[in-house]
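Think of it as A, B and C in the order they're written, each chain with its own count starting at 1.
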Amino acid sequence: ETWRFGLEEIEGSVQHGYAEEFKRLIEEKSDGDVTVQLLPYGKWGSDYSTLYDAIQSGSIPIGFGSGFLGGTVPESQLMSLNFVMPEDQLETAKILNSDAFMKSDAWQQAYRNRGLVPLAALPEGYQVWTANREIRTPEDIENLQIRVMDNSLLRATYEAYGASPITIAYGELYSALQQGQADGNIQPVFAHEEMGFYEVQDYMIFAKQSQFVANLIANLDWYEGLSEDQQQMIEETTDELVQIGHDIQSKFNEERLETIKEKGNIEIIELSDEEREQFRELAEPVRQTFVDDVGELGEQALNTLLEQVESATGGSAQ
Amino acid sequence: MSQQQLSEDKKTPGRDNGFIRALGGLNLVLGAIEKWIIIICVLAMALLMSGHVVGNLLFQQGIPGTYEVTEMFIVVITFVGVGYAARHSRHISMTAIYDQLSGRLRKALLIVLCLGTAALMFYFAYKSVDYVVTLQERGRTSAALGIPMWMVYLALPIGFTLAGIQYLLTTARNLVSQDIYRSFTEKEEYDELPEEDPDLSHTDDDNRRDA
Amino acid sequence: MLTWLVLIMLVLLLLGFPMMVPLAVGMLYMMFTGMTFFGPDQAVSWMISGVGSWVLAAVPMFIFAADILTKGHTANRLLDLVDSFTRHLRGGLPITTAASCALFGAVSGSTQATVVAMGGPMRPRLLAKGYSDHFTLALIINASDIALLIPPSIGFIIYGVVMKTSIGDLFLAGILPGLLILVMFAIYCYIDARVKGIEPEPRASWGERLKALRRTILPLGFPVLVVGGIYGGFFSAVEASAVAVAYALLLEVVIYRQVSIRDLGGLALSTGMITAVVFILVAIGAAFSQTLGTAGIPEQILGPVIDHIGDNQVLALSLIAAAFFVGCMFVDPIVVILILVPIFKPLVQSTGLDPVHVGVIVTLQAAIGSATPPFGCDIFTAIAVFRRPYLDVIRGTPPFVAILLLATLILILFPQISLLLPSLGGD
């Protein structure tokens, strides 16, 4: 049988690297009974919601859902809350993929209510700020016209920091940054490089406030229809892929960062713990906004996640 | 530019019957609904987008949700407009062969075209009802304002159904009257060349005289 | 199966079904015969995402702005200005038409809007001067294509999004090629008038010209506002379309008082209808193209050819131009860009072609395509607006298409024409 696997990203991306490993492992474990067919961005369409439609209807049984999944599974916006995940990226990958979180009733139910099953989470690197001015403290970000996706939670987050979030379509973003319609931008490192955004920005700021997380999801009916062995096989595979996925994303983002340093004329800033602390305090009330927006399951998932982070890091290293 | 064509109705020969008149009544109501949805959406879209720009420029603060609401307006204009464009026989088609035919043959082809298109429109209406119901069950909402998407996408079944009805009405009109009708209310004809008949006024003529 | 697909679509098209029918039936044929694993449910989702896009909002807004300007004084004032400088030249009036279309292209993002706004007032003037109807129509349709190369341009916006190339650079790159084509059209109009023996009018005095200029100061603010606003970082290209509407309203409703608030309903309705007529094709075309893509058909056809190209840039560009030209003869240019750009993207990358230059070639073919028989948006817009039969509308197009193909050749051989301005305007 053939499992179709829809990616939000093009060939040669982090998602594609992960999916290739997924394909290799599944085809190995199933002794060739299962063939995984990868469908990168463009192969299923060009608007993410059509991918989610295809997963929900089962025509593509497996796929990734990241920042845009919020309209389909509101609770998934948990992944874009700031200062919730640990600072360490591998730690984050482990916690998100732990049974305690991934198998928790709240997280499972949130997806199952929409005909989906969450299988795994793939952190794709920090969400990094760029700006045309130096940013170290909340005073620096005051009134910065920073581009965010048109999404109520992100808007609330950056308003909490004191910035003026502005919405600009992805396709228009480069010109907007170049012409100064927007002063700043938030993307994972690879996107800054891919779209050339770094060419038209002066500073790149690692605040490690959040990571770009892609959720690996499956169609519920399809998943329930799999044999127990096959479900077990998926579970083993996603477990193995926690470390592999982390390696893929770190290598990928490091290479892209090198390119940015080589080609671009951009100053890279890493915030100190004290500086991060100031932003963390401002971000905390936004957790309540999230709970108000998405309701009980979201609150439970948030609490589960916070507990896991607490016990893993002793509450210090966030 | 198309509204003036509505007056052609009067020239219809006396074979019109009560059936056609009843359909005409229904048609008027549907037309008015389509018309107002389109007008309101276009004006609201212009207002929203320019308001967003002004807000960004003056207050560093655009209108939240402008992007997604604008996209919703486009969806509604497009699909409700499918019905309205069918009403005024504006849908783009390649008429080179059709133009060469005349009389009964031409009318027969037109009826085939209308019935075929109506069938497709109703099929899409049926498929989009499915889609809307599914989205309603899954509770998909928009990202910025949390608007339930199924309500917006109702424009598809509505627009496709209205377009299907238009093509059926056109068929009915052509079956009962002698002339050829491109749509339920519009008889088929091209404008004369302006030089041949300067009095046959066209909407743009007013501007022309001003020069 | 591919043969059947083409045959069915062609028959439906030639019979005269609305263009959405052959596209939809072609798509359903692929779905029901199992050429793709997607079914009609996915088609609905694709149709919605095909038009539910922020970038496309520029189309209705620019059409709305153009409708307002056409209803009011602005269009005529712009024409009078150009006319006062060109009427004493041989072929002055058609040259005026071509130049006005280019000028209006700087305001409007779409060729259809230009057909409506410039063709409306110019056609009677041309006919009165003794030019034939089919020359007039062909001139209007083809000159309006220049609008697709002069920023802001829908073609560039969509290409930029699909290719992930800077839209700002594309806009700059389109200007010189647009002017080149304008000059070539002007030369043709001059020769044509000479051959037909149409006498020029007396030269306008500088007083008349100044008067015309004074009358156009506010309308000329349009390109300044729209282009200046985009490059000044005040708003994006899409947002500029809404600014264009606001400025059009300011001019025509408040300052000239040629358009009343009550007229706006009718204008909005006509805008909405033209939008719907074009966008339903974009919607179904997007679903059709996705289906075609998942069925792997473009790769089947183009793959072997692409393999033979190697790294020959001129050959690659010629193939791209040819594919877009042929594609745009049959399908809406926007749809063609959506289908073909992803297929050619690897070729562009492997041959090291500048995606901005490719964008100019592609957009030019899209422009030519909208005016080239058998299918073309501009042709259909002209049929709709002027209410002339199909064959009359296309009869005069061959010389213009020949000129545009010559322009393509020049641009392929001299990429500097496209790349000069972006290299100056870049960082």
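Operating definition for what follows: a residue touches a chain if its C-beta (ideal position, glycine included) is under 8 Å from a C-beta of that chain, and two chains touch if they have at least 3 such contacts.
As the structure is a prediction and not an experimental result, all values here were calculated from the model.
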item: Graph class of chain-chain contacts, one of line, ring, star, complete, other; value: complete
item: Chain pair with the higher count of C-beta pairs in contact (B-C, A-B); value: B-C
item: By mean Cα position, the chain sitting nearest the middle; value: C
item: Interchain centroid distance [CA atoms averaged], chain A/chain B, Å; value: 42
item: Distance between the centres, which are taken as Cα means, of chain C and chain B, whole angstrom; value: 23
item: Contacts with 2+ other chains: residues of chain C; value: 41, 45, 52-54, 234-235
item: Multi-partner residues of chain B (each touching 2 or more other chains); value: 56, 67
item: Residue list for chain A, restricted to those that touch at least two other chains; value: 49, 57, 169, 181
item: List of chain C residues in touch with chain B within their complex; value: 13-21, 24-25, 40-41, 43-45, 47-48, 51-54, 56-57, 60-61, 64, 70-73, 75-76, 79-80, 120-121, 123-125, 127-128, 133, 234-235, 239, 241-243, 245-246, 264-266, 268-273, 275-283, 374-375, 377, 380, 383-391
item: Residue ranges of chain B touching chain C (in the complex, touch as defined); value: 1-3, 35, 38-39, 41-43, 45-46, 49-50, 52-53, 56-57, 67, 70-75, 77-82, 84-85, 88, 90-99, 109, 112-113, 116-117, 120, 124, 127-128, 130-131, 153, 156, 189-191, 193-195, 204-205, 207-208, 210-211
item: Complex interface listing, chain C residues touching chain A; value: 37-39, 41-42, 45-46, 49, 52-55, 157, 160-162, 164, 166-168, 230-238, 290, 293-294, 338, 342, 427
item: Chain A - residues contacting chain B, complex; value: 49, 56-57, 68, 70-72, 74, 113-115, 143, 145, 149-152, 155, 164, 166-167, 169, 181, 293
item: Interfacial residue positions of chain A with respect to chain C in the complex; value: 4, 42-47, 49-50, 53-54, 57, 59, 168-172, 174-176, 178-181, 194-196, 199-200
